[in-house]
Amino acid sequence: MSLLKVSGLTKTFGGVHAIEDLSFEIKKGTIHSVIGPNGAGKTTLFNLLTGVYTPTQGAVSFNGESVSGKSPHYLAKRGMSRTFQNLQICMNMSAVENVMVGRHLHMSHNPIAAMLRLPSITKQDKACREKAIELMEFVGTGQYIKTNADAMSYGALKRLEIARALAAEPEILLLDEPAAGLNGTETAEVDELIQKVADSGVTVMLVEHDMKLVMNISDYLLVLDYGKKLAEGTPEEIRNNPAVIAAYLGA
Amino acid sequence: MFEKLNSPRTGGLLALILAVLILPLFFQNTFHYDVAIHVAISATVAISLNLLVGYAGQISLGHAGFFGVGAYSSAILTGWDFGWSPITAMLVASLAVGVLALVVSGPILRLKGHYLAMATLGLGIIIAIVITTEDWLTGGPDGLSVEPLTIFGLSPQGEAQWYWVFCVVLIASVWLSLNLIDSPVGRAMRAVHGSEVAAQVAGVDTTYFKTLIFVMSAMFASLMGSLSAHYSGFVTPDIAGFHHSIELITMVVLGGMASVFGAITGAVILTLLPQMLTGLEDWEMVIFGLILMLTMIFMPKGLVPTLLTKFRRGEA
Amino acid sequence: MSVEFLQYLFSGVTIGATYALVGLGFAIIYNASHVINFAQGEFIMIGSMATVSFLAMGMPMPVAILLAVALAVVTGMLLQKFAVAPAKNADVVTIIIITIGASILLRGLAQVFWGKSFHALPAFSGNEPINIAGATIVPQNLWVLGVTLVIVAAVSWFFTKTIIGKAILATSHNADAAKLVGINTNMILLFAFGLSALLGAVAGIIVAPITTTSYEVGIMLGLKGFVAAVLGGLGSGVGAIVGGLILGIAEAMAAGYISSDYKDAVPFVIILFILFFMPSGLFGSRGTERV
Amino acid sequence: MLKRVAIKGAMALAVSAALISGVQAADTIKIGSFLAVTGPASFLGDPELKTLQMYVDKINAEGGLLGKQVELVHYDTAGNAQKARTFVKRLIESDNVDLIVGGSTSGATLAVIPLVESAKVPFISLAGAVAIVDPVKKWVFKTPHTDRMAAEKIFEDMKSRGFKKVALISGTGGFGRSGRAQATQVIGKYGLELVADETYGPKDTDMTAQLTKIKSTAGVDAILNFGFGQGPAIVTKNYKQLGIDLPLYQSHGVASKKFIELAGNASEGVRLPAAALLLAEQLPDSSAQKPVVVKYKTEYEQKYNSEVSTFGGHAYDGLMLAVNAIKKAGSTDKEKVRAAIESTKNYVGTGGVVNMSAEDHLGLDLSAFKILEIRNGDWTLVK
């Protein structure tokens, strides 16, 4: 069954169509990649799916619930998590605290209890910290646990974002160019990491330029061009799709 | 053990308590107590303002307005027209300020950066103008005298007793703030500052948390306004004015944003400095402005965070 | 149109023109560096107080005015070079506090060297009231309007037609890109502060014969100028000018038709109201945040 | 780590506390003062401080008081009443002053009254509001004429000119607010009617709107402006600009040459109540005040090379009342000095002839005020 269903999705900025009449589905437990040339609307699509932007037209349903126009934190509550192409790390916090923010939905938000530091809070907080550390080790940033976020390298921050997104225990994880700006070794590590995440049962949606990485790990691909769907299918099908070849070679 | 002493919650709090206990040994007269009390009042307000500005990243240039509403509400409600008990008046005032903050927070907290600065500044100035103008209620520019404070039949007499009252309040607020910052609520708040969109996709209802901290910090300012009104026995519109707002935010920024002890340091400096500069007569403003500028130019993160980083680097 | 209305309008437009010039100063600096300069009001003070003091030294009026404007421009550039530039990566609030410190410093210096009393500049061309359809103005009102018009025209010509003006605009859009195409962005910032100081000083000088001046005159005018700039949408020159005029007229109308008690609150009520419904002011850009 | 910082902070605090406690001076008579030397009311505080400094120096040069030197301890309140409270505490507790002469604005004075009352320190205020001495407070005195007296004097003059309807415009600062309240209270006594009531902010730069409203109010016979600072000068200019031909009265808040300078020829014909000091040489030789005011005026203007104002005069009177009282008491015993001030009789000062009593801590009557008119850029006595 499909976890995420998009139909007729359209977003315009001042008359320009960034996404135009886009429909597709994502099945549970798959790795689904979105590819396309620069400006094809991939990040815009992510922003629409996660509620950062409001669609001009069309519908998004998640687990059978219509969620178009809902706020990001509502979608997060429903089990949607993401990373960003341009890092969105809280530089005013330590690395582990960034990941702990990711567990926000699983924590108590009573300010009075927090101010009084009631035992229930400290207990929960301790568990949260342990979980965050575990996740940092999982994504391979174990050595940065006490480091401030602003003292970490770009590659480490990319992985820290994934840890933060995983901390929410999402049903679907949207990764926006997780390998951008990384060198070969780092890319391979991220490749492995995504595979690990998918194996743990999380549906992954991926925007990526690195074709090798994409073809390697994706179950399905969606090809965008100028905000429209150009092609859709398994890596094998896409590789042989004449329209895709034309667009990529022609460009 | 040493690890714990190094943390702000244990070590910092202990040091603060120690300082509060030792300081009176140096006090020679009630004026010294008075200065210390002013430091404590400002520090407490600055800490709550720092939660909003330093931790949650929302500028407020109108916080003295809330302080003023608290002070004036207490003055008016405990006055002969109403004759309420100070504690009731204080709580009601703080609730009213909370409601006011809640009402305006909707539209105000959608704003960012300089627009937010402008809106809060405007709000503070409007409050000050209302207080100055409605003299049938507030005594106008000449101010209003305030009944003494009585809580459960007890009433602090003289500066020395008030000193302990305000120090207890200060220490309590330091403890509560440190707890809050290091909690899921506090992290959500700081995430709003670090990256609003990241916080949102992590499931943080940023509007709720911004509103929460804005309302809390306004209510806190109001409570301190009430207390300080009872202490000084007199309120004038100056306490709600633009200059007081600027003074409060300066304490936060000078001492160090996102640092509880920074707010205290800022309050100490901004309260003592004018007292120390009095001998300079006409040059007072020049020196004050210069100190403010130089500190911020060379330590843009504020005194405490900058010095801490220096020390840590030295240790490492 | 009743005589009263016309009178309120004249009064509002005159004071509004001052707010507009100060607001334009805010907008220019904001455009070039995304800094709100809380010391903007002090340029007004320096312009008018320096003119007063140069006149007292026996200089003729035009010389005194020129020197006063030059002094303000130099002050503005020094402020940029030694206070704002070193802190360019600091937090918004930190820079606000730096400029507040600068304004206290400048006010303090003015107080030490020029004293604390109020002064009036002589009117540029007499005080004989002029009657227009029953309402009266003094010739200085016309000076204020005329000079404001000329300056606004000159500034808009400057930004659209001259290389430096275009460079400032380019820097404001994207400082890194501007650097890449060879624009000396440091010079541009310096220039923006100088220009904005010039506007403030001129505003201060042309209204001083009407409003009197003292070392403290910058505080309120500076604040109102800030309101004007935000009302127009920060960074929009046209916005700042329209904003200033709206504020001035609204103040005068409020004093005339509603209550003079709350006249000073009017600009702030307007700005809150506008921001509640248009979070980026009247002419501000409403782009979607990029993530 | 943080602890170390905090301890350093505490030490710094302690050191500064020691610093501000001040060095306990040798055997001097200490006169404390807190004035608005900067800020919007600096035109009050500035001449007041200059006067105090000049005459304290003079007293010391002439051998001091009771054989001791006089020390003036002064703090600038910048017109902020909250600051005034802290400084008065400092004067009383830390500097141990024998008596206080100060408080430029009514707000600052009213705010510190509870402090001086409970500390039992004689305090001579230099501020205008009638509320300072009405009701009488045991330790508080004042030298300037009250705003109520100013209003009464003005209305007396209006009545004598046969006016009926008065338009009031006032500043929203402490002085204007208080003046407006007093004017509204006493106007009935003179059979006059208030037909317009406008206000302007202390930093306003244009009052044409308010004056236009007054201009279009029917039947106004005269306009009264209660305010100080640059406000009244702008009111006067705007009044001229609008071509209003009604008589304009200002309060005693403009009683300095600065007003004429700021308002220029618009001030011609403006009337105001003021102390004899402004007339000085113009006073008839029969006036008891003439030698006092001429002497003060000459000395002040020689030393500071700027025009004398009644505000400096209030400080002169305050200091002299204090000095006389200490002489009379023969000590600085606070109760004795207080009693001596209260028993002041026939002190001829710049503000008038002062006769204090237990019921009257001001000691001036309406005769202390003269109605002046500005003619040819100078004060002239209205006959």
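Before moving on, here are some points about what is shown:
Letters A, B, C and D mark the chains as written, and numbering starts fresh at 1 in each.
Methods note: a residue touches a chain if its C-beta (ideal position, glycine included) is under 8 Å from a C-beta of that chain, and two chains touch if they have at least 3 such contacts.
All values reported here derive from a predicted model rather than from experimental measurement.
Nearest to the global CA centroid, when each chain is reduced to the mean of its CA atoms, is chain B. Most remote from chain A, judged by the distance between CA-atom centroids, is D.
Centroids built from CA atoms put chain C at 32 Å from chain B. Between the CA-based centres of chain A and chain B the separation comes to 40 Å, rounded to the whole angstrom.
Chain C and chain D have Cα centroids lying 35 Å from one another.
Across the assembly, chain C contributes 111, 261, 264, 291 as residues in contact with two or more other chains. Residue positions 37-38, 172 of chain D are each in touch with at least two other chains. Shown for chain B are the residues that touch two or more other chains, namely 133, 197, 282, 284-285. Against chain A, in their complex, chain B makes its touches with residues 57, 176-177, 179-180, 182-188, 190-191, 193-195, 197-206, 212, 216, 258. By the touch rule above, chain D contacts chain B in their complex via residues 1-7, 9-10, 12-14, 16-21, 37-38, 75-76, 80-83, 85-87, 89-90, 92-94, 106-107, 110-111, 114, 129, 131, 172-174, 177-178, 181.
Remark: chain D residues 37-40, 42-43, 46, 172, 198-201, 203-206, 208-210, 212-213, 216, 229-230, 233-234, 237, 240-243, 258, 261-266 touch chain C in the complex.
Per the touch definition, chain C reaches chain D in the complex via residues 3-4, 7-8, 10-12, 14-15, 111, 116-120, 127, 129, 131, 136-138, 207, 210-212, 214, 216-217, 219-221, 251-253, 255-256, 260-261, 263-264.
Per the touch definition, chain A reaches chain B in the complex via residues 50-52, 71-73, 75-77, 80-82, 84, 88-93, 97-98, 100-105, 107-111, 114-117, 121, 124-125, 128, 149, 164-165, 167-168.
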